[in-house]
Each structure stands twice: as structure tokens, then as C-alpha cells.
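One structure below.
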Amino acid sequence: MAGSSFGQQFRITTWGESHGPALGVVIDGVPAGVPIIEEDIQRFLNRRKPGQSKYTTARAEGDQVEILSGVFEGKTTGTPISLMVRNKDQHSKDYSNIAEVYRPGHADFTFQEKYGIRDYRGGGRSSGRETIGRVAAGAIAVKILEQLGISIVTYSKKIGPVEAQTIDYGEIFQNPLYMPDAQAAEEAGKYLEECISEKNSAGGVIECVVSGMPVGIGETVFEKLDANLAKAILSIGAVKGFEIGDGFQVADSTGAENNDSFCMSGEKPVKLTNHSGGVLGGMSDGSDIVFRAAVKPTPSIARSQKTVDIFGEEKEIEITGRHDPVIVPRAVVVVESMAALTIVDALFSNLSSKMDSVISFYKDDK
Amino acid sequence: MAGSSFGQQFRITTWGESHGPALGVVIDGVPAGVPIIEEDIQRFLNRRKPGQSKYTTARAEGDQVEILSGVFEGKTTGTPISLMVRNKDQHSKDYSNIAEVYRPGHADFTFQEKYGIRDYRGGGRSSGRETIGRVAAGAIAVKILEQLGISIVTYSKKIGPVEAQTIDYGEIFQNPLYMPDAQAAEEAGKYLEECISEKNSAGGVIECVVSGMPVGIGETVFEKLDANLAKAILSIGAVKGFEIGDGFQVADSTGAENNDSFCMSGEKPVKLTNHSGGVLGGMSDGSDIVFRAAVKPTPSIARSQKTVDIFGEEKEIEITGRHDPVIVPRAVVVVESMAALTIVDALFSNLSSKMDSVISFYKDDK
Amino acid sequence: MAGSSFGQQFRITTWGESHGPALGVVIDGVPAGVPIIEEDIQRFLNRRKPGQSKYTTARAEGDQVEILSGVFEGKTTGTPISLMVRNKDQHSKDYSNIAEVYRPGHADFTFQEKYGIRDYRGGGRSSGRETIGRVAAGAIAVKILEQLGISIVTYSKKIGPVEAQTIDYGEIFQNPLYMPDAQAAEEAGKYLEECISEKNSAGGVIECVVSGMPVGIGETVFEKLDANLAKAILSIGAVKGFEIGDGFQVADSTGAENNDSFCMSGEKPVKLTNHSGGVLGGMSDGSDIVFRAAVKPTPSIARSQKTVDIFGEEKEIEITGRHDPVIVPRAVVVVESMAALTIVDALFSNLSSKMDSVISFYKDDK
Amino acid sequence: MAGSSFGQQFRITTWGESHGPALGVVIDGVPAGVPIIEEDIQRFLNRRKPGQSKYTTARAEGDQVEILSGVFEGKTTGTPISLMVRNKDQHSKDYSNIAEVYRPGHADFTFQEKYGIRDYRGGGRSSGRETIGRVAAGAIAVKILEQLGISIVTYSKKIGPVEAQTIDYGEIFQNPLYMPDAQAAEEAGKYLEECISEKNSAGGVIECVVSGMPVGIGETVFEKLDANLAKAILSIGAVKGFEIGDGFQVADSTGAENNDSFCMSGEKPVKLTNHSGGVLGGMSDGSDIVFRAAVKPTPSIARSQKTVDIFGEEKEIEITGRHDPVIVPRAVVVVESMAALTIVDALFSNLSSKMDSVISFYKDDK
């Protein structure tokens, strides 16, 4: 089944394997008139690029994006935008050790069982490089949101057991772990060095905050904004959990604590608190949308693990080569991208909610 | 935008408001030849019906289902199945106190802002009664799974702060809270009575376990099995979080702990542990699928809350009438239904994964 | 596969068999604030109702519609609208003669082969009664179009070999064949009486004209307005052809004849002719949309036909009972409904075409 | 709205403008294990390439395809296949004469109105070059059909007023017009030379025949096989009509003539005639699928035409440069591609029609 598209009105389709000729994305449903240059997209891709620090792999991947369609004289034209990043050195490495063995924590086994064949070079389609298409598209979604006065901030809330104690947006880009707390970032760094020395890896939690949302975005029942955010976030390879607002803490809370009271702020009703995380009944409620993603530890570790091969033999495997000791920092921009893509689609889908708005649109148009 | 459908190959469309004439669902894409009688569906609906115990509302809602199409001589015919439940007494109550006031924790405000109009009688479309369609459809999905040797067990893992310490499937239907631990159920019952006496309410956590899954179900990238489960579960009104396998605990784990090693079980590779919760790379890995949903406390509480009305006046509101002190027990069957619907769709979408299978299918067919 | 839904932003899902308990439709994505009463829908249903004249079957089908959801205090609320029509006397007839025999020109054979089972009572899902859901939904689509100043006129252009020579809109509802030419209607009536006396049936052509369309409706490439109209119209049971504008006559035309020149009409560019039928590049061009549907002769005829039964025996069959000698007049409102449904979906999908419009929408909204 | 994708289970997404850097397609939902090499795709692209004869434009477009993903060691892997063709010389020409003027019969006006901006270089997204993606994808669809014993033949049935009198499949690739009748091809050639000398252009009709279809392919109601074929074919730029089987001739036919009787052929029921064109009730009936597309004359003609410009000035325009005097021959492979894409999607969607088949699939799988 076709499974590489996301979104309805605003839809992306990604393609590409880690060691094929290239990876890319087609973004369809972009309104005409959005100013876009390659630099906008490159800046996003650079945030997920390897080799940014000692905590990320040092492979020299350039990841230069090329705009192949949909942009004319610096603006989108309403037609699909095709973006591509060429892979470098895709034939150079020796994959004989993993070609026939299922790496624990990876999708080798499930790919082989589902398809009877798999591109075993570096994870193929299930590699982290698959997120290049998401991030390139996310850059365009963020451009659209900016024009609507909506902004997104995303950061590492937790690296292994080390949690950010303060949320200082200004700090996020000052440390290689994208943490909003300098001291936590330093501690997390030490923790990661331990992991490396022990041939082990760490997980973490990413938090995302969306500000400036209009009220009522998201559709009732199945196309709820939080439901689509959950899908978007769980579709990222290493994510094992999603929560919005108070999330799993609601289990221990009570109605009196968890309900957000309303008051008036000028002529607008606003919530006094934000336990809901910015959605009520699946629709944005005017408060910041706040959600978190749990990211599992990097499955590629250098210590010996038990496994089996494609012939049914039990084996031991050590995954050598350079691997990030933690996925979280590079996944921050992926989470931000998926959030942006989800919200843009929801904003466009909302345009026909009221008959009066539709009448106004076409009256002005005539 | 149309937001009341779920699924691609196997798709449900729900409709109905809590106090309109009826609620229902259309289930499209059901294979021909599945034996279905109204009793199968009624049994599921009875699990979510109010008035089952002192912890659920005592309204005398019969919720009798009627099969309107798609079943002939006791079997599905391949055409859409329409199921309907009539609402009783939908005109009887006085809603003047909530018609113009936004209840905290409810979707009154967002509905009003999005649509400029709302059916204020008992929550309208955002009422818990909306789940009748999901559960009626879920009964059919579970029938399909049974024929494929796949079974689902769902229970209240936690009610307020009280967590089940043992998981005894035999106990689940023995207590009104659907907990798998008799002692925890008793403690939770006491906790709920406190909540009632304090005009307050409780949240909780639901856990769902799917056994007997073939390997490789779920599509790569966006239509991952866990991504669609997350969407399905977050689309349920009061759910604020979803996690699969170790979920948010992966943040504190390490690769060495979190990776599940493989070994051989007869001729099949199996995992030695199940930290993954039964999915690798978005595809089922042969272990049980294990996920949890965080459910917020019932927002309707009898104590006074601050809010505003549709005219912009600040108000106090007390939500009288009978309301469940906790949503969790009645949501258990809703979670189970959404899981079943998601998995059936994924199973059908998987049928064209290998060219060889498609060739066999049509060769046999000719 | 789920095949009973049509549309993306504005989507209908139909259900029901000719002799099951009921038939109906769920209409999802209707904007809030459209005034709707049962009378609006009933008027449309009455146009397809049997027993309107001697050329349509005389069965006493009431076809009374019931609104089950989505309308509150006379207006749509933005939630799905469920409409239902109960079947009468669905158990009364003896179907033993067709239960095991494939009627020529009907879908009995293909249903049996695809599903291995079929509801043989009066055609089941492939009966003309399946269009009840389409027409009920079409009534709502037409209401939406009216509010946007868009109108649709549909009529029998040709009944058997008798073609309307003049197009007089005022005449359409004056004759039972819905022809826009009184004299042609009379001749066609005579032709149909011959058909009846010869135990035979007639085909025809339906024409539909949509006026008042804004320019630019329809999406480029696959979601072209004419492509979706073609799908909508071919999805009607007996339709075997679709053409827009000059249609099949373009084969004999030349570029110089077929191209429509532009001129200015006040401040607006308009076309001097309308060979295109109101679409250029799949988008509405401001001229009337004009298309035609070819409708096959009623397959149920009383004369003896060769066929086979489900056991592989060759048989002779005579299809007795009352059947329309021509499908065309009752299909007129079905064609109109499908056109309206297609256009409403296209109008809503178009709302996000320009970034400037989206910015205006949300600026006004804040 | 996203409008550049086609298909559900088997879905293509095309992108690219005539004078942008490249054009391409992503094909998602291809089963694993289909042997594919670039040569397979190139052969299809060569059939639509310009410069094949004096009746097609002589521009030296290489149209070399590159496979960027989804194929590994000569076989599909189940992941999306990305195909790209680089445009040559995209910056060389002077478009000042058409940048501000609406060409009659082209989509310049509708693009400008819908988006407020357009890529005016050679038609941009509405250029015939947009079909490169369709044809590249079509090559893969045809490969899949071959493996299932299904074959497609497509040809020019009519060029201008000249219609093929005989259908000789062996002749189709022997003449540059892809006509199945050598003598008609010769006459049509003469007619086209007249058109060229008169600065005019011709239309025509393409016929497509699909053999070897299993029975029951296509879904009931909206996803009928013929409905999706109609959409697929009308989505091709210059097509103005679609008919299947007897098509528009059914209007003049009678039930006795139009119904296809059944008889037994060995153990299988077959139709004695094929007025239906291979579909009954929207599902394949085992006979050849036979449909036709009406193609309008090339709108680009060298003679002077009246039009207006984007500033609202009335103008005269002569479209110079080399343009095909007829679109039909190069559109033959586009029609074939769209038919193949539609049928593959329908075949995959059909796999879950019977519960017994699904049970067998997963029993074998376990």
C-alpha cells in the first residue's frame, strides 16, 4: 500500500533510501505566492545534518537541497514543489555484516518479512536519512505558518535522565543538544560521554510549543488536531510516545485541577491555565499547543547483542562505525517539521467550516 | 472539512449528536462472508452503555442497535454496513444553563468559534455518545480479527492514582471498572467514591494488548501501524497521551536495555523481550502489540467553576445532573474498538506488499 | 475496499440495498449555517421517485426522507448530516426466479464473482435505488451552490433516437420525460410506448448546464474539474459515456474552430464561444459548464434472453414485473446531484489556492 | 489543494513544469519483487517523445529517465520509486510574447485567475510535458499487469475525420500515427499535411483494449472501474470525452440489442457479445475492457487568434514555433499509462473483497 504520503489538502510524499542515488519529497497543495529560496530549506536541513558536534555522527554529508519544480521567480506557483538531496558515496561501504543479520531495535526483520527483500545498505528506507524529505517540506510549512503569525519552538526537554529545569528559548541554539537550559545541556553532555564509553546509547523527550494559533483548527471526531499530531509524531522512526498538555499526568489529576477555566482578555475568551495543551475537542483553543515525544535510545550500539540471521541461525552482532549516542537532538527539527506540516493541513481544511466565510470568499473573488 | 471517516481500505464514517434523533456508523470495505448478527454488535455496545454500575451514569439509555444494510442471510455481502442507535428522550431536558455558557474542559468554546453555531444539548457531536458508532464498528472489526486468529484484550490499567499490580485477564469482566486486578479495583472504587463526595472526578490509563499478529503489518514511513494507532486513540475525546511498548520510559533507558534481542523459536525468529511493544519500523514484529492511553478526568463536575458565556460575560458554572466520576471504564471498549479498526485496515492494506502474493491470488482466482 | 464514499473536503458516503431495511447517506464537510429542512431534500427525491408517470414504475414507494443528524434549529452545524429513507415491503416479493440466474445487462454475475455472495433481491446494492443517497445529498449540495450564485439545469437531451431540437428551460418540468422541448417529449413518449409494446427499452442522453461558476475551480493534473465530473457521472449505474463541451465532436474539428477566443466584457476576460464546455486545463473558465451523459437502455426487459445460472447451467430468462422502459428521466436528477456534489467539493478545495487569501481569512478571523 | 496524486493503494504523484529543472513522478505502493530496469521505462517514454516524425515537434528532447529510489539489485523493494527526467535548455527561449497574453484553448487564463501567478514558459505545469511522469509510472504499471497476464493495446482510432476501418494490432507500431490500419494512416497523414499548410490542427479519438482481466475488479458505487478510468482519461490535458463499450451509441440502441447474453465457455460463464465494454455494475465482467477518448485539436496554431492580455487589453496572437498538428499519436501512450495505473490500483484494492481470501493469505503467511 502507498504509505509515503502525509496530509490531505496540503500533502507531502517522501521517497528515497539512505544509500540510493538520492532522497526527496514532493509537496503538493502549497498556495501560490509564498516566497521560497533554497536557503530557507537548507537552513532546516542543516539542523538535522550529521557532524554538528561530537554527539552526532561525523560523516561528511553535504545534504545540499535542489528545488526541481513549483517555484518560479522566487515564489511558489501553486504546483507541486519537488525537492531533492543527492546521496554521496552511496556505494563505498561494506555491508556484508548486516546484509544477512537482523539488527536488534531496527526494522531489518520486519522489512524482510513484509517484502521478502530489502535494501540492507544502512537501513535503506527505514534509515534516519528518510527524514530529509520531512524536514525539507517542514521548512516550507514553517514559512507558511510565519505568514499567518504562527510560530513553533522545539527543543530537547530531556536527554537520558537529565531534564531541562528551565525553558529559555534563547539557549536552545547555543548548545549542540538543543536544550533550553545551559546547565542541563552540560550535564546531558557528560551523560552522553559515559554512554559512548560504555558502547551504549541514550533516549530522551522532545517538547514542541506552537504559538499564535487561531481558535477552532482541527476537525471533529477523527481528524482532530491532536490525533493528527500524534500520527505525525509517531510516524517518526524512533518515537514511542506522544502526549499533549498534561499528557500522562492526567491519570493522577482530578477534574477540578485539570479543567482550564475561562476568563475574558479584552473581548476574547481565554483560558486561565493550559492543562489541555491548546486543544479542546480536537480543535485548537487559542492557548499554546504543547506536546511531547518520547524518543528511544539509538538502537545501533557497539556492544555485542544476540540476534538471528535471514537463514535462521542465531548470531552475535556488534554494530561498529560511527553512530549518534542519542537521536534526540537531530530529531528536534523533525518533530518541528511534522508539527508544522500537520498544522498547515489543518488550517487549510478549516477554510470551509462556515458557509458565511465561503460566501465571502467567492463574493470577493467575483 | 469532512472529518468523520477513519481508515482507507476498511473505512468507517460516524454520525450523530447526543440529543439528535439517532447516532450511527457506516462501515465500508468489509469483506463478504463474515457472519454478523445484531447480538455481536449489541454485546460491544453494552460494554460502553451507561448505568452499568454506580460509577457510570444511570440514565436509562437502551442503545439498541439496528443493522440497516450490508448483511444478508447472516453474512456480510461486501457492501457498506449501516448501523443505527436511536436516541431516547432527546427533547426532554432543559439545556438553558449550558446553551450560552462554555463548560471548562469541554469543546463548547471551540465548536462555537469554529462553526459560529453549536448543538448545545449535552455536548452534541463532542459528547461521549459519539463513540457509539466507533464501538458498533469495532464489534465488526473484532469479528474479522477473530477469523484471523488475532485477539485483543483491553483494561483499566490505572484509575486515578490506583494502578493494577497484577494483570489477570480473567478478572477484567468481574469488576465494574474493568481492572485486571481485583484488589486494585476495590481501592479504585473507594477513590471514586471520594471523588463523588468531593464533587470531583478522576482520570486514568487504559492498556491494550493485541496477540496473534502476523509480522510486517503496517506501512513504512507515514502509515506506520503505531502512527495510525496513535491517531486512532488520540481521536477519542478525553485521551491526552499514547505510548507503545516502553513508551515514555525509553527516555530513561539505554540502547542496551531497550533493544529486543532475537532468537529462534522453532523455525521462526522471535524477540526475547518486548520493549518495542510489538512494532519495529512501524510494522508488527510478531510480539504482542502493547499500548496505553492516558484519559483525562471527567470535565463535568458539580463544583463551581469560572468561565465565560457566548456574550463575553464572566460566569460561574456548576454542572449538575448525573455524570460519571471517571471516563476510563466506559472508554475501555472504545480503545479496543479503535485498535481493532486500525489493525483491520492495516491487514487489508498489506495484501499487495509482495508481487508473488498478488500473482498467487489472481492465479487461484482465474 | 471501501468504495461508497465520494469527495474529499465535502464527502458523501452512501449505503443501502434495494430490499434491505433502508437506504441512506452521510454528508460530511457541510459548512455550518446552511438552512436545511426535510422539504428541500424531499423535493429532490421526488424527482427520482418511481410512479411519476406511465414511463416510470408504478410501485408505491414513498421514499420519505428523515434527517438524523447535523441539522439543529433549521441550520447545518458543521457535523455530518445523516439522511435515511426506509424501504417498504422489502420482504414481500418472490425472487426465486432471479436468485440463481444472472440477468443480462445487470451486475448479478460480477457481484457473485467478486464477493461469492449477493443480495439478489431486486439488484441489492446495484439497484437504481442506490441513487437515493446521491440525490438526498445532492439536494444539500444544490442548496450550497445557490448561496454562491451557482445554478444547475439538467434535462433529457435525447430519448432513444428522439433528440430535443430546442432547449427551453421552462418546458423541462412540464413533461414527464424532463425534456426541454415539448414536441420532442411527445415524440419520445410515442417511441417509449412502442418499446413497451415490444417488450423492449430505450437509452438516451442527459445534458447538464452549470451557470455562475467562479473562474479557476478544479485542481491541476489529476483533480481536474472535468475529470472529477467524469468520475461522478460514470459512477452512476447505467452511464456509458461522458463528454464536456464539444465532446466527441472535437475529433472532427480543427484548432481554429475549437479554440475559444477571449474578449473583454467590462473588466473581465470572457470567451466568445464555449467549445471548451467551461473548463480550460481542468479549471472552470467562467463560461457555463456543459456536459452530457450517455445512458444505456433499461436492462430489465420482458422478452426472453439467453443467460446462465450460478450452477453453470444455460437458461432463458424473462424479467417480468414493472420496469421503466427508459432510465433517462429518473436519472436526470441523479446527474444533477452528482454534478453539484463534485462542484461543491472543488469549490471548497480551491480555498487555499492563494497565500494571500489564506492570510486574509485568518486575519479577519483573529 | 493537493491535486497531483492519483490512486489509493497504488498511487502516483507527478511534479514538474515544462521549463523547470526537471519533471518526475513518485510511484508508491509498488509490491516488492517486480523486476524493473531503466530500459523498461525509457521504452515507454520514447513513445511520447517529440521528434518521432514530421507530425510531432522536432525539439531535441532526450527525456532520459533516472531511477532515484525504490529499486535494488534490479527489483522493486516495496518502497516508493522516484523517477526523474531533466529538462534541457529550459532557459533558452524568449517567452515575452506569451508571458502576458492568454493563448486560446490553453490554461493560461485559468492558471492566472486561480493562482494570481503562473510559470508562463511553455505552459508550465499544464504543458504536455506534464505527462512524462504519467508515462514513466505507466511503464511500471504495465510491468505489473504483464505478470498477472493482463495486456493493453492502445491506438489512434481516428485522426481528424479519418477513422481506422480495420483493427490490425501488428500495424500500430508500423506508422508514426499509431493507427491500426495502414491505409487510414496514410490518409490521415495527408489530412495532417493540409492542416499544417493551413496553419491549423486536428483532433481525434484514441481506443484502448485491455485483455485478460479477472472478473470482479472495481468497487461498487463510486470506485467503479469505469468511473476511475473516466477520471484517469479526462485528467489528460486535451481529452474532452470518454466512452466505454458502445458508449454514446447506447442512446440509439435498445435493451434487446445492448444487453450481452451469457453462455458457458467450459466451466466459465462468458458474454456472447461485448456491448458493455467489459464492465457490469462497475466491475470487470471478463470480456475485454474497451474504451475511447476524444482528443481535441492542438490549441497552438500559427494563424492569428483574438485574445486578451493580463492587463485587460484585447490582442491578436499567432503562436509560432514548432507544434504538433495533432496531439493524438503522442497521447496514445498516455492513455495506455493512465489505464494501466487505474487497473493496477483496482486489482490491489480488490484483494480484500472476500473474507475467505484474506484468511487464506494470512494462514499461508504464518
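The first chain written gets the first letter, and so on, giving A, B, C and D; residue counts start at 1 in each chain.
As a working rule, a residue touches a chain if its C-beta (ideal position, glycine included) is under 8 Å from a C-beta of that chain, and two chains touch if they have at least 3 such contacts.
Note that the coordinates shown come from a computational prediction; the quantities given were computed from them, not determined experimentally.
Student: Please tell me whether A-B or B-D has the greater number of C-beta pairs in contact.
Tutor: By number of C-beta pairs in contact, A-B is the larger.
Student: Which chain's mean C-alpha position is the greatest distance from chain D's?
Tutor: B
Student: On a C-alpha centroid basis, what's the spacing between chain A and chain D, in Å?
Tutor: Computed value for the inter-centroid distance: 37 Å.
Student: Using mean C-alpha positions as chain centres, tell me how far chain B is from chain D in Å, no decimals.
Tutor: Here the centre of chain D sits 44 Å away from the centre of chain B.
Student: What's the distance between the Cα centroids of chain A and chain B, rounded to whole Å?
Tutor: 26
Student: Pull out every residue in chain B that's touching 2 or more other chains.
Tutor: Only 1-5, 8-10, 14, 29, 32-33, 78-79, 111, 114-116, 125, 220, 348-349, 352-354, 356 qualify.
Student: Quick one: which bits of chain A touch chain C in the complex? Just the residue numbers, please.
Tutor: Counting only chain A, the residues touching chain C are 8-10, 29, 31-34, 76, 78-79, 144, 147-149, 214, 220, 347-349, 351-359, 361-362, 365-366.
Student: Over in the complex, which chain A residues touch chain B? Could you list them?
Tutor: On the chain A side, the touching residues are 1-6, 8-9, 14, 102, 104-107, 109-111, 113-116, 125-126, 130, 158, 160-161, 195, 199-205, 215-217, 219-224, 226-235, 237, 240-264, 267, 269, 272, 276-277, 279-285, 294-301, 303, 305-308, 312-314, 349-350, 352-354, 356.
Student: Note which residues of chain A are touching chain D in the complex, please.
Tutor: Against chain D, the touching part of chain A is residues 1-5, 7-11, 13-17, 20-24, 26, 28-29, 32-33, 66-70, 72, 75, 77-82, 84, 114-119, 124-125, 348.
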